[in-house]
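Structures are listed in the sections that come next.
Shared between the two complexes below is chain A, which pairs with chain B and chain C, respectively.
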Partner chain A sequence: MNILNTTKIAEKHNKKEIFLILIFSIFGIVLPFTILAYLKLKKLNKDDTSQRLIDSAKKKDKRLTAAVILLVTWISLFVSAACALVVFYATGWFGFPLLIAIVLTIIVAVLVNSLTVAFVFSKEVSFKIIFLISSVVAIIAVFAIFFFLIWEGMPAIAEIGFFRFLFGRTWHHDGDNPQNSIYGVLPMIGGTIVAAIGALIIGGGLGVLTAICIVWFCPKKIRGFLSQTIALLAGLPSVIFGFFGAQVIVPFLANISPTGMGSGPLAVSIILGMMIFPTVVSLSKNSIEAVSSTYYEAGVALGAGKERSVFRTVVPSAKSGILASLILGVGRAVGETMAVIMVAGNVAQMPDGFFAPFRTLTVNIVLEMGYAEPNSLHLGALIASGVVLLMFVLIINIIFNLVKKNPNSNKESVIIPAIKRGITFPMRFILSKISRTTRLADDEVDEFKQRLTLEEKRKSAPKINKLSAFIVKILPMTARVISYVMLVSSIAFLGGIIIYVLTNGLGHISWQLISGEFSGFGVNHPRTLAPSIVTTLMYVLLTSIIAFPLGILTAVFLQEYTKKGSKVAKAVELAVETLAGVPSIVYGLFGMIFFVNILGLGLSITSGSIVVALMILPVTVRATQEGLKAVPDSYREASYSLGAGKVRTVFRVVIPTALPTIVTVLILGIGRMVAETASLMFTMGSTPRAMPDGYSSSGTTLAVAFYAFTRNMQFINEAFAAASILIILVLVLNITASLTARFLGKKRAAT
Partner chain B sequence: MKKVLKKVIVLALALSVALGVMVFMTGCSPDVVDMQIVAISRESGSGTRGQWDGAIHNGLDGDARQTLANWMGAGTTARPLAGSIQNGQSNVVFTVAGQRNAIGYASFSAIQGNANLRVLNINGHAPGTTNYPAALARDYVILTYSGVTLLPLTQLFLDFMQSSEGQEVIETAGYDFHGDNAEPFNIPSVRPTGQDEPIQIRGSTSVEPVMGELIDAFVALVPWIVLADFDFEAGGSGQGVTAGSGGTIGGSVPNRTIGMSSNAAHITTANSNTFFLANDVMAAFVNADNPLTNITIEQLFGIYTGAITAWADLIN
Partner chain C sequence: MDNSEKKPIIQVKDVDLFYGDFQALKKVNFDIQEKEITAFIGPSGCGKTTLLKCFNRMIDLIEGCKVHGQILIDDIDIFDTKKRNVNRLRKDVGMVFQKPNAFPMSIYDNIAFGPRTHGVRKKQHLDEIVKDSLVKAGLWDEVKDKLNKSGLNLSGGQQQRLCIARALAVEPKIILMDEPTSALDPISTGIIEELCEELKQHYTIVIVTHNMQQATRISDKTAFFLLGEMLEFAPTEELFSNPKNEKCENYITGRFG
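Presenting the complex of A and B:
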């Protein structure tokens, strides 16, 4: 047995390993994060006049706040030190629990002290502190995730050896003889890269062409309908994609593959491609729409024709936005777990051909986590693969930040010209080399020219013109047709998933399945979803209670209480952005380490809800922020000029005006909670069980119960039924969201 | 007019492509004999997998054994490999039932009577008959941590499993039970105090079905026990061994946890009390469309090492 502890590592490993790990954590995690932070903080903007007016209101109580915060910090430090000492003497815990106790007491102390002190001063200050504290949660979450993953994963890397872990071509866990186990993560790194590239080619290509088609070629009438349909599909749970892949795509591919095996990179690319498709479409659509119509008009005025103007002027102008959407899509593909595990084949080997089974980093974690013993090297190695995954995501985040055009500046980002130069320079170099070697001698050239003129005279010129004209005409036409085909086929594919599941599942939805009592674990007992439905409701409730207030308060803090481009705001924004990029499986790992094991919450609805709340937080913050941004500054100014304070302005003017957006955000957030699977399996349980009796009992949500059903041939009908319920639920939530937004928006406009 | 024509052309092209894809998808499905073999295996750490590896190892020379170890462990064979790793016994069954050219292995009792599968005779012997390879016979065991006194409900359930009532349930579920002299189970008239939290059961997906039956029977038998008294998660034998020997996994607490394992050889720890639960055999099976009925250990070895790749090599 390999039982790890820190002293053993210190004894066992020479300085070289520790040094390498240090370098790895610096270059892998700390450096990317620092670059990200730098990029964020760099984008300081000068105040514009209307903003300055609002800021002056913020400045008023600055000194007071500073004093309060200073006071609070000192008091809380003393209090937490005292608490930590008490905990230490009372329990005799060393090391980790002590650290946790300190962190927790600091948090509690800051909260209690700041609130008491602040209420003594004024409502304005106290609310400001509440807003500040809720925004700090995002920052704490980011640090906690990084810290615990590295803390748990690094000792394993030290024991395995840095190079042998990262570049080892063999991953072999031997449960009977742990000393025979070999943990090399290279095949999974390769698998993750292949899956991401495949998804990018299929989902990215389809997505960009579909976006172009929707904005420029579609009849105007169906444009809104199409984009809303695609937005609806963005909410489909990933387990359903995986299920469709395993049921339809893999058996079909098995017929045409030379090895007779359907699963592998091709199947994964198709499924992941369709999953990232809605993301790519909606983002690149936005950036294509943002291109000024004068570009298009100029193209048409020069006689370029519609297709040519679109593909040659509009699309190139939107390229940074399109690129950003593709990168975001890749980020999603890299972090996806449940859809991949059902179609990848899961053998830990380098992907080798379109139909060879392979494993991604995410799959590796889910597949073997069940066997990882606490404190074993195996567990450490799995968590370390989570660290590698996190590194991937951070790097993708950096690239995203480099590519994304700063909306406040007209300057194009640096990356596009750089890429262009990077590609064209070597090409030009190679071309020049080639042309030099194949250059004809002068007399040969003369001869060639002569022949050419003769030829030209012989043939009639108009004929050539006709041909070239035809090509010029047909090429853009082809592009247009292709983009149409992409639009139709991808919508047909996604619609196909829904129709396939519903036709197979609707007939099996029965009263017994929905409300029947859980009557036993044995195979002959009819399955019921009632406990899962109750669990889902409980979990959605708790997650909403945690995530939504935090998210909305953070958004208010960012939008109303900080100056544009202030350091605090940028730090919070960076944390929110990082949280948004962290894959759900990493949230699951973090939840398992921290909430389930260290805090001892166990597999419970509480653990699952807290973890998913952290996941939903960034989405809530960002979307709410968009809503607050849309509130015109004149509203705020009007409120101030009537003598209202900051708090009153926020709660009486700004939030009510942004209400339609906020409500939409909440409903979409619930949709995401319902669809979540991967992180819940590690924090809430994965086998359907009896009715939960409180928040401390484990349970399965509808999506996890569906996954459990798909794993058993006997319950395939129940699986289809559960999938149908899931799809209907998510679609209803998404449709409600858009209808609510429209309804509230109209009502607002009317009053 | 021209515009309308253009639109019609575009729409027709788009539709024809979509239709073409659909026709292509539903078409072409060759005979199983002409197809490649897809070998479905379990993930490492599973008790079934460990025993299967060992069983098809027997009587093979060292080189072949090494090749097998490579395949099974990391798949570092020179050629691309057609096969997949499925987590959980039911996933293997599910995959083979859905894929016509696949072969897999699982507990015989779990696949008996499944119309979508064909259970193979090994070396000419059907599973359950006397000459069936002994290496494929397996014991299901349950284990608890020896370092603590079990909480009353957990102990009671443990007693039930070893009583004559428990044996009857196991035999009715289709498993062999060779244990003898089991005492009848005494139901305490009132619920013992001292355990409010559920009885936790962790471990093998192969033992999961029979354990499910046992829990149901226990709940039916004891009036003051309800299903909510059980916290039942089957994640694999590795989990069962950990949970049943003092470790914690998935929130398990040693003094109320029962681990289950499908592979007695798996249990290397001295920290546990181990109890025999039932007898079973492992069986190899193929899709019902596959005409194959018999296979040898050597052929299985060939399939799982990638030496035999086509069904044509095995069928006639």
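Presenting the complex of A and C:
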């Protein structure tokens, strides 16, 4: 204990400046809001001229009170900050208590200010401020991630040289002679692109056809079941996919590979394809479902068969949504880490053929971070590859936003016509005589009789050879059959993963594994998951406490408090969207730089929880927003017409109606926390160790512990057992989520 | 009224229709003549749209729906799948829906969709069909300069005429209209009604309407439906001036609705 204290005091002076900066930034946050609130108050009072005439004296009184209360707030904040300062100087404690103090100070400041405003003006304004502040967190997080990554990565890029770093064809780290190291990320960029394209070809094609099949060709009875099963598979931890790849796919491919090696782009494409499959399916499904059924009916009424109506009217109408789902899938594939690391082969070279080992940007970071010296060029170069990855994702994100159609307008998004024009313009230029004229001759047409009938026109259609005629004839049916085959095979594949892991793992779950005491790191010590189970519980608790309230408040702010297209809403939505696209490994890097090192929280459950909370935030916001959107406007109108205010409407009408969705969102969020791996390795710890003794101690969650097991073939049985526990946990959470939603929905319908 | 030169194009014989256990049509019997406008009137839920949807078997899209009896079009039972291909039937029996449902494609592609479906591939022929159909639907002058613009950019009335043009493009014999003007303003309604009068020269039109004036304005014959039964079928003037059925009289005089 003594030793611990002295080391902490020794570190104190290094952190003094950071601490002061923090204190000032807290006041920096509070001050503008205070001023804003006061000004708003003043303006509102001014606007209300008639009222002012009646009881101007009273209003003046109120303003005086407000000023006094704000002053008191300020003084109390100042005093508490001073107290904190004294405490920290006396004990030298940083880390977790400091963070708690910061959070508490901010909460107190915000609450006191809001309550002041509430007292003087109304509870409407004060709640609006609370909602606004929660929403701003997303914006701050985006800026912080970009700032700190670039801040830490840029010096390394500058030292290596921009072009030599980005286009260098060799990545070689020499631990003994650092000056011999060469850091060029081109092979990894190539690897990332190859992996993304492979995943797109396998997962994208499968996904779109499966979505079409689910919406249009499946019997209605199993439609719900299928979409739920696929959604369930989206929750499977990526380490499980990677494990399955390493255990089954790679050995299988080794049999057919000319080099005898199974790992490489093909294996990665298969695994990543299956991972992005659920994303592509659910998003394409949504956009296909959103196409008005009148298009289909119109197609059918014109005598087009079912297949033709679906593929020619429904699917083209949903094309921007489908394209968006593919782009999002690519984003996922680019950012994926844990699954790739287990099947890629991991040699830092350009991917060369289907079975050549290679690395992606993400894999590079995880592989070498473990032995990167603090403050070394090596570490800088790794963070810089994170920056490259972030840029990649950012570009994909921008394209996604351009492609995504605004559901409220008839207009197509900008990009699709642009792409179309880009493709057709050169062709038209060349074939200008033959191509379709959009202006038809405007001569008199009154004698319809002279024209050929449709039947004659059909017969005079240009002759095509028998084979193509046959293909044209069976094409619609084939498309239908293919989409069926895709659906069945992909579900079989994903079901196969679960069955494979469970059959190999359930038998190895032992009492020692679940509750045994941790005895040591050595290979002779029996493994135990008990510390990991406790760690997981602690981490899920803290992450939920941070992420869910913030996410729900942000969603309410976006949906209920801002007009569509207002600047604040746009900024927050953009931030949420960006956060959603940032790969988990980048969150890990950011957490490592900011929470672990700069804030001095160290590798701890707290650091990990905050980082994952930021990761969960966008998912929570979006899903909650969907739930709120589904609440009919007539409910709100009814509530307002009865004289209820906005706050009352939101909390008494809108949120209760959306409750089933919100509860589902929370449970699925917990599922994601359990599945998360990559970011936790850098912020919470990557080697299984003893029982955590608090939130400031390092630990491994189940998923990370499982990954650690898979690194050593000696513990393959334990790995299978841990994988089974993980799968069961995730499945239970997902099933609970859908059952809860159904139960709550029914209850609501019954009352 | 004896019409010896005209022959019945649609013959409805003892049609019963069930949605699950609910009987939506009860023993309906009547004939529709060629190149006439026949209007179906009656309160909501009386089965008139259901019957209309039987004529081109759009009723197949509704699950759990069973039809007994026969509907003959050109003397062929449309429910006999061996003799009558359903897609060919729908080519011959066009439909215009209650709400304009132009595809989210260009005006040209909207109209060319049908002919392309039925195997017309020559550019020259497609151009001809697009133009003819637009002229027949009275839309040509309004859209001739923007054929490659999205069909959704047109006004509601124009979109409905685009849908009519699209139906005409596959050369149907019969056009079914399911309250085609209920989503339109009076001026667009007027244009569409005039259009129906012109189309009557070449096509048989069956129209479902809630608007009694519309029925009197455009239709030659009118059928009155109530609770799944067809209670009266007569030339329009006769039915409106001298209804034989008491319930029909009550309905058209506005005593119940």
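Keep this in mind: the second predicted complex is superposed on the first by the 574 of 751 C-alpha atoms of A that agree within 3 Å, B and C clash if a C-alpha of one lies under 4 Å from a C-alpha of the other, contacts with A are read in each partner's own complex, and residues count from 1 in each chain.
To be clear about the criterion, a residue touches a chain if its C-beta (ideal position, glycine included) is under 8 Å from a C-beta of that chain, and two chains touch if they have at least 3 such contacts.
Since we're looking at a predicted model, the values are computed, not measured.
Colleague: Have a look at where A:Gly685 lands relative to chain B and chain C in the superposition and call it first, second, both or neither.
Modeller: Only chain B; A:Gly685 stays clear of chain C.
Colleague: Considering only touches as defined above, state whether A:Trp171 meets chain B (first), chain C (second), both or neither.
Modeller: In the superposition, A:Trp171 touches chain B alone.
Colleague: Looking at A:Lys629, would you say it contacts chain B, chain C, both, or neither? Reply first, second, both or neither.
Modeller: Once the two structures are laid over each other on A, A:Lys629 reaches no partner at all.
Colleague: Figure out whether A:Phe355 sits in contact with chain B (first) or chain C (second), or with both, or with neither.
Modeller: Once the two structures are laid over each other on A, A:Phe355 reaches chain B alone.
Colleague: Determine, under the contact definition given at the top, whether A:Arg742 touches first (chain B), second (chain C), both, or neither.
Modeller: Neither chain B nor chain C is touched by A:Arg742.
Colleague: Classify the contacts of A:Gly299 with the two partner chains as first (chain B alone), second (chain C alone), both, or neither.
Modeller: second
Colleague: More residues of chain A in touch with chain C or with chain B?
Modeller: B
Colleague: Given the complex with chain A, which residues does chain B contribute to the contact?
Modeller: So the residues of chain B in touch with chain A come to 6, 9-11, 13-15, 17-18, 21, 25, 28-30, 35-38, 43-46, 50, 73-76, 80-88, 90-91, 93-94, 97-101, 114, 116, 198, 209, 211-213, 215-216, 219, 226-228, 230-239, 242, 247-251, 265-266, 268, 309.
Colleague: Mind pulling up the chain C residues that touch chain A in the complex?
Modeller: My answer: residues 56, 58, 61, 63, 87-91, 94-95, 97, 99, 101, 103-106, 108, 113-115, 117-123, 125, 127-132, 135-136, 144-145, 147-148, 150, 152-153, 163, 166-167, 170-171, 202.
Colleague: Contact residues on chain A for chain B in the complex?
Modeller: Contacts found on chain A: 169-176, 182, 187, 246-247, 250-252, 254-256, 258-263, 341, 344-349, 352-353, 355-357, 359, 366-368, 370-374, 477, 480-481, 484-485, 487-489, 492, 518-523, 525, 596-597, 602-604, 685-687, 689-691, 693, 697-698, 710-714, 716.
Colleague: Sort out for me which residues of chain A touch chain C in the complex.
Modeller: 220, 292, 294-295, 297-305, 308, 312-313, 316-317, 410, 412, 434, 436-442, 445, 448, 451-454, 457-458, 460-462
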